[in-house]
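The same chain A turns up in both complexes below, where it pairs with chain B and then with chain C.
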Partner chain A sequence: MAAPGTPPIIATVGPDGSLMAPLRLFYPYDRTVGAVIGRFLTSLAAKKIEGTRGVDASVHVPPLEFDPATGVALTEWVAVGDTGLVLTWSWQPEPFADNTLQQPFAWALILLDGADTPMLHAVRVASVSEMSTGMRVRAVWAAEPTPSITAIMCFEPESAHG
Partner chain B sequence: MRDVAIVAYIEGQNTSATTLSPVEMIVPVVHEILNRANVQRSDIDFWCHGSCDYMTGQPFSFVSAVDALGAWPPIMESHVEMDGAWALYEAWVKIQTGEANTALVFGNGKSSAGDMNRALTLQLDPYVVAPLWPGFRSLEAMGARAAIDAGTVTERQMADVVSRSLRDAADNPNVLAYGYRDADELLDEPMTANPLRAHDCPAMADGVAAIIMTTADRALEMCDRPAWIRGIDHRIDFQNLGLRDLSRSNSAALASYHAGVTKDKVDVAELHATYSHHEIILAQSMGIDRSTTRMMPSGGALVANPLMAAGLARFGQAARQIFKGNADRAVAHAAQGACLQQNIVAVLEGN
Partner chain C sequence: MALHRCAVVGVGQTHHTSCRGDVSIAGLVREAVDRALLDANMTLADIDAIVIGKAPDMLEGVMMPELWLTDSLAASGKPLFRVHTAGSVGGSTAIVAAQHVMSGLHKRVLTIAFEKQSDGNAMWALSVPLPFSMPVHAGAGGYFSPIVRSYIRRSGAPSHIGAMVAVKDRTNALKNPYAHLHEDHWTLEKAMESPMLWDPIRFVETCPSSDGAIALVLASEDVADKMPGKKAWVHSTAMRSEPTMFAGRNQVSPRAGEMCAEDVFRKAGITDPLKQIDAVEMYVPFSWFEPMWLENLGFAPKDQGWRFVEDGVTEMTGALPVNASGGVLSSNPIGASGMLRFGEAALQVMGKAGEHQIDGARTALGHAYGGGSQFFAMWVVGSEKN
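Right after this comes the complex of A and B.
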């Protein structure tokens, strides 16, 4: 099955004479994300970041549906900030076509202000030398946020906003 | 518990990009291992396979592998969407239940089918991680930095692991990277996925690994010195990266404890350390002293990483050390998922 709108796949002859054809991986179906992730993503489209509070009072962002220690369903929502702390990071020297940033950038686990567990996202900096563990970053929202984790286009150093 | 031993291990030629189909890759390995154990197809009660549909880009792609086994007369077979090491665990359970006595387990992967660093992102959380397309290497690099920042791993230790692995690989004809490079030389190389250097990352391969395991009744017919599985356990950590301390592996620690790794000396360890820092994190988490245990004499997954076969290969390579009498007690380990999320550990003994 081909993704809607994708060009037809044309086989080519490989170096040893065998026929080769590209294969594009994608999910050919829609899924329901459920009440908890659904609320999280819907809030992101409104430029709000929310998490759920665990049994031990920890605030989890992205939200957890169930408490990691006890398995109890989590129902209390907590709004957190769109600024936070880089707990660990790495460098992506060449972006994939699917990344929100199309330049070399960093990945980081970011502990948002008001949250107790960090979330993964991209960090936009001019070069790797601007990255450090413990640096503060701020969310950069997509021009037209959709209910998706990519509503946040990336983070960037808080200082970049003066 | 029934005593179960690994009695034969074969791996196909690891290549950087084969044009063979998975079935064509598996057929000769299955023939060779049956010959090695001197058994017939009819001696195998249970066949179990590990592979990954995301690598072939096709659901149920593993079904075609049955063509490599021969499905008539009917055979009892199963598949796990995991490295072959987890197929070995299923086969071990099958033998424990009494439903089978002898099992052939195999894992295969064609890493060259695409950019696996990118494609395997699809195995991550589909809502809050996969849409960002982080790629596995970036996540492993974050794990390395977490360990470096925590002071449990140093860049020099990582370079020492690479130096030793490349050196050991020179004695293994089935690798894609080898050489004699000391840690200073390696540390002079630039970082790519900072804090990782290119040599901290695995040499991706297309390959197949296969193991035959059986009970005490027949083990000595198939092997002069079987590798008895004295303990085996597998555990899993949260999929949420943010809930885990990436500088260690809790699930590897638990699996190691329940497999009984630290009950006695460990002569040899074959750990499925795909990135250089994994070896250090795993040894610390599993209670293995790297100064007294011979680590990865095969060179490990750093020098040849056939996805979905490389973990089973660690079990096979550890068993080989028992077969040859180089070790009396060996630890085999395999990992799956990002940042050592899932771990299986076994203790193999010669007596």
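Right after this comes the complex of A and C.
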């Protein structure tokens, strides 16, 4: 037997005479995120970005459940800004179908104002020449934010907002 | 080379249930860890090395979760070792952790096993249709039911034996606050009417799908001697494996299981297991495996295991109590289930099993098996030093 919905296996003969058949791993998974990532995502839906404070006072965004050095459960929440600094970036000339931006864009590690760890997100610019390390960016919120990282549709250069 | 002594000095487990939606995998694991450390009066900073196990990654779809769990275990800069032996992994993991101490390498070792079955679908993860092969089973029950039928045919066991084991284990679970299933309505008559899932395995004779974790703190002799309270001394450990399929394989009583039991008893100086073992925590995911393992482990003569069940030998009040905790039949966080057997055996000889304590238990066996009855892990623990 196979999981409901599994397509039938049909063997084929390849050009070199080899007998081939697909092996499809197909079954459902669910994900539960727990209280910490749960709060982070829920806050995003309310257009707020929050992190947790580590034992050494560093603010981790996205939040960590446990301190990376000591393992202490982190419970202090810190609201950070929706503006920040591009620490490094990489250009994506051809977006994939599931990217929130359907034009060429940059992936960037963004250090939000008030945070001590950078967060990966997309930056929308007209062309690659507008991207630079150290540039300032601001979050562009989705029209109807859901509890997901895509509640932030992308970031844009802060200067674009005047 | 002489082995150093090793003791279980802390045991912690979660309340096992069908879905722990309130925690991440890291949070679930940490709950058990915090309880074990509290029991051992230690903190994460005291731990020298960590050994972690879970059933195949495919069950939750998280590859190498031990890397993700580093922060929650404060494992940065410490040895972190992952063990893989399918359903027996909880037992194998505890054994590898014990070896970290017995080798003299480490003094305080934390060992953890877990499963968050609600994040995945073990039934179908274990039933991948393979090209060019006949798809013959659905889930573990589909795999094991022909083996159970074979046992019944060989031994002449009456059909109510599986139901008797199920009623015993579900009733024992009422005394274990951590057990997943707390069902107080089972009688033999009702169990016999339970729907047939995989003939001859009835619904009540099947383990649940659980989220849960267990952690143990193991310590060297010098560390354990300085600690107040009772310890469970690890008298012996053994592991054996054999392939899933080979001509002439005895799937009802695998040779690897027999050899593993012989080895673990020999190393613990046990010559008459039935007399010398006071409590057994045995991996019984389908109730018929209790009589089958009684024979495989050498407690009962061939084809006579079911008579032990029928005569009440394995009841909490019997001569050889099996699964006083309620066993796998009452809680099955797969990867954790083997270590739960090992940890419950330890609790029995520490005198800390609470309402399901077997009075005067001094020597106990923890048993785990996995895969297609092919991976075996066992330990004997005692209230006194070996």
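Assume the second predicted complex is superposed on the first by the 134 of 162 C-alpha atoms of A that agree within 3 Å, B and C clash if a C-alpha of one lies under 4 Å from a C-alpha of the other, contacts with A are read in each partner's own complex, and residues count from 1 in each chain.
Following the convention adopted for this analysis, a residue touches a chain if its C-beta (ideal position, glycine included) is under 8 Å from a C-beta of that chain, and two chains touch if they have at least 3 such contacts.
On a predicted model such as this, the values are computed, not experimentally measured, just so you know.
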| item | value |
| --- | --- |
| Which of chain B and chain C A:41 touches, first, second, both or neither | first |
| A:68 touches, of chain B and chain C: first, second, both or neither? | both |
| Partner chain in contact with A:11 - chain B first, chain C second, else both or neither | second |
| First (chain B), second (chain C), both or neither touched by A:108 | first |
| Touched partner set for A:121, first chain B, second chain C, both or neither | first |
| Chain B versus chain C, judged by how many residues of chain A each one touches | B |
| Partner chain in contact with A:28 - chain B first, chain C second, else both or neither | second |
| First, second, both or neither for A:100, with chain B first and chain C second | first |
| Residues of chain A contacting chain B in one complex and chain C in the other | 23-25, 27, 31, 33, 37, 64, 68 |
| Contact footprint of chain B on chain A as seen in their complex | 14, 16, 18, 23-25, 27, 31, 33, 37, 40-41, 60-62, 64, 68, 87-93, 96, 98-100, 107-109, 117-122, 128, 131, 133, 148-150 |
| List of chain A residues in touch with chain C within their complex | 1-3, 6, 9, 11, 19, 21-37, 64-71, 73 |
| Chain A-facing residues of chain C, complex | 19-24, 26-27, 30, 44-45, 58, 60-61, 70-76, 116, 118-121, 124-125, 127-132, 135, 137-138, 142 |
| Contact set on chain B toward chain A in their complex | 19, 54, 57, 113-115, 118-119, 122, 126-129, 131-135, 138-139, 141-146, 149, 191-196, 238, 240-243, 246 |
